[in-house]
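Paired with subunit B in one complex and with subunit C in the other, subunit A is shared by the two complexes that follow.
On to the complex of A and B.
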């Protein structure tokens, strides 16, 4: 009888993760037309928001302590980066539960959360290489972006983006777990999409929110998805406050990871008792 | 290797209620019905066995596979696979088993077949050199070279099923579960796959559990057959014993050009005769279908002939009839 020969422990986990990341990168690259559509869509959005902000600023160079250049950079970068973050896992998971293919996902020698996490990391890498990076260069050439001058800001921006990914993923995963109980997931998908769009600061910087809403938005984890990285990039988070901003993201990333893991235990129990 | 002892799996299903009033009532006070998908099953499967797990649709075959893979938790009773309880050690169990579901796909639809193999090998942490060795061997056995680089969505059902089986074997699991792997396959593809399973079992000693509702699938490769019906084991016996009891009877259906004259058969009996159609049941040990047809040559022209094997539904029915007697 043949024994299982695979590597175990951390190196095994990394081996498995690398395989899954590579797989989703390949999968994304298959859809060339999709990539083109995203590129065009982003260009249109950037143009719309440019004119919107120009007219709102009404010829002034500054508004409420934020310069036009900062705002334009924020808006453009928000549009470019937001496709990097998982936001529709619930449709995916819901679909796999309805079709029964979830059977395979939960018979793997891997936690279900890790399986999805690695796949989404692959999509992140693919989207970064095929959409975000080229869009960044195009936007730069069009003069839409003002770059930070400090190397520390660049570094913090990168870390913040990575933490934002984990927050986005685990939030998305927790919502997706609802698919184990619900048969219809579109409603929840739209609700979550709207909340994330508004509270992550994707289109509107949180500093222009009215005080009450701003307080709420700053307290919730959604801000850690995108707003933190963008605010750091455009210099709205002063250098000395960057560690606190990253700390906020880290705490939420860890808490959501824990919540996701616990939530999955409950979801798996429901599935295995009820048979889905 | 696999031990199942007084195993039960019951589902509570909410009844939607009939009509608007019924559905409204079900919304407030749902009515539940308990379904005994697996009902007090016990058996032991030794390492290296090939088991034909036979039963009509809805008999509890898939539920059993899901209990053995650890996806479902038993309502009561015991399951042990390689000494472990699958649902308590799902991840450890996962690396010891391969699973193929005939009606589902574990392959990446848009990627070439070989990519799916590489991804799965990584997921199961198979070292590269070992992966190459195993996949080369399996691919050669099933003659898959010419479609290895095609996207899965362009494969025929037979090609895809070969891919599914190789995908389940890349990490060299000691146990392979196949849930209706032959469904919808043509005879050639089916035979190639059955032969392959036999080879794998002989060469690697893989324990195979194979569910199907066609007796002809399992009679060739499974020395032991378990028939289940409505969640219970109806029969657990050797292939020879089961074929002797049930596998010998065939039906010959003949359509004639004209009305049929009374016939004298050398063997078998007429079980149905209407208009131009005649159905004869015969024991293939007593007479061959060919001799039986020859005995009908005095009739007016024969338009069409069909030979039917006994299907699992009639076997199960006969099992109950015999038990009642």
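On to the complex of A and C.
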């Protein structure tokens, strides 16, 4: 299978990727009403966390070396950006295994991992354009965001988000492979969802975690999904430490890619689909 | 009629236990949600000492009340949060309406994974309850334990009433997901922190629109003997009344909606 995709060469791969990304963008745009609901939900969440932080800071402008504005920016941006990252592949893949449709996916010339990767990229791009960007502007207008002044920080933030996407995707893919062994995957879905929510710094920045937990969270790859980008954006990662932060993400992105690819070989060998 | 209801619940438990590995992995996974919610309380309260003046015991107790009520809701009333739209779309209502049992009871009995769902809410919440209950000011007398039981059931009914009301819109519109997800944001996120930190609009919504504050925030004041700062000092005693009123309104609305039912055309 992989030999076949090699034979089509790089340009074939790029054509396939572009097609899949375009298709998922179009799919997303069909559900315009859902975009509105996401907007309302995000506004509610931003309000909840705005009040939470105001209450925690209790009128002080700073806590533990972090200003209220930095924290509000972190919280708001976290709520806006976290829906962009793949987090529920396991339900999708599990469903396709139960129905047997998985056979069509894995027998295509395109690698199954790449197929899903390009689809998720499309969703990432579509969500970025249709919900995250408008939400960002709304939050900016509401005065929830303090923007970085350095162009390097903006650049690093963009790179960090992209790397975060790859970490999120391959983690999600590896967990989804469990669907090849299990018949029901919802338990695993929720387990992964909770761990990612807490350890990626989606709702709470890792710097307020107690030392032991913070050490753990900083060592694990989940932080690379969202925390890295947010901490860079609000300036909690100083300019000289940005390369190390991006390096951490890059190493995990590559390791998880490799693990995902290897895991898929084992999973495909194990696959058994019910007839009918 | 209620015997039949329990019989159907019992059957669904047996169906769940047909796949013990799925049952246990589902239980484990969904219990982690509760554990992470507790973490979301514990981390800020450890760093900042209090949230809205409440310490960890008060916050944990409020969380436990909410989550235990929610666990009861999952056991008795889940289909109105989950499957109602699908029943309308797939034409299941045709069969609900021609059987002698009340359609709402039939829908309540049509549930999947209710036991795993309930237990995964109860594990983290009962644990938190046992940790926080010794710090409560009122004594654990028989009367207070009965009042607690009444509160938990009232909370479950309040949640049900909100989702029954929302589900009823399904008779006019195809999908009610949007309202459901907005209500869910208040239920699953806003209810975790004390209501008085949210300014004016959110307390109003959580009291009069989606009255989730009666599930835990108000009653917590009774157990900790605090003066409730919002609306009235009597709020902690009102959940049973709110449950009855909310359910009456939702039930009435459903009765109106069901007359609009025209079948799915399949």
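Just so it is clear, the second predicted complex is superposed on the first by the 264 of 276 C-alpha atoms of A that agree within 3 Å, B and C clash if a C-alpha of one lies under 4 Å from a C-alpha of the other, contacts with A are read in each partner's own complex, and residues count from 1 in each chain.
Keep this in mind: a residue touches a chain if its C-beta (ideal position, glycine included) is under 8 Å from a C-beta of that chain, and two chains touch if they have at least 3 such contacts.
In this text, all values refer to a predicted model and were calculated from it rather than measured experimentally.
By the touch criterion defined above, A:250 reaches neither subunit B nor subunit C.
Once chain A of one complex is fitted onto chain A of the other, the partner contacts of A:68 are absent, as it touches neither subunit B nor subunit C.
In the superposition on chain A, A:194 makes contact with subunit C only, while subunit B stays out of contact range. When both complexes are overlaid on chain A, the residue A:259 reaches neither subunit B nor subunit C.
When the two structures are aligned on the shared chain, A:138 is found in touch with neither subunit B nor subunit C. With both structures placed on the common chain, the touch criterion links A:213 to subunit C but leaves subunit B unconnected. Of the two partner chains placed by superposition, only subunit B is touched by A:18; subunit C is not.
Contacts of A:184 after superposition on the shared chain: subunit C is touched, whereas subunit B is not. On the side of subunit C, the complex with subunit A involves touching residues 19, 21-22, 24-30, 32-33, 35-36, 39-40, 43-44, 46-48, 51-52, 177-178, 181-182, 185-186, 189-190, 193, 197-199, 202.
Chain contact summary for the complex, subunit A toward subunit B: residues 1-8, 12, 15-16, 18-20, 22-23, 26-27, 30-31, 99-101, 103-104, 106-111, 115, 269, 271-275.
For subunit A in complex with subunit C, the residues that touch the partner chain are 33-34, 36-37, 40-41, 44-45, 47-48, 51-52, 54-56, 58, 63-64, 182-184, 186-195, 197-198, 203-204, 208-210, 213.
The touching residues of subunit B, when paired with subunit A in their complex, are 11-12, 37, 47-48, 63, 66, 69-73, 87, 90-92, 94-97, 99, 101, 104-106, 108, 110-111, 115, 118-119, 121-127, 130, 171-174, 204-206.
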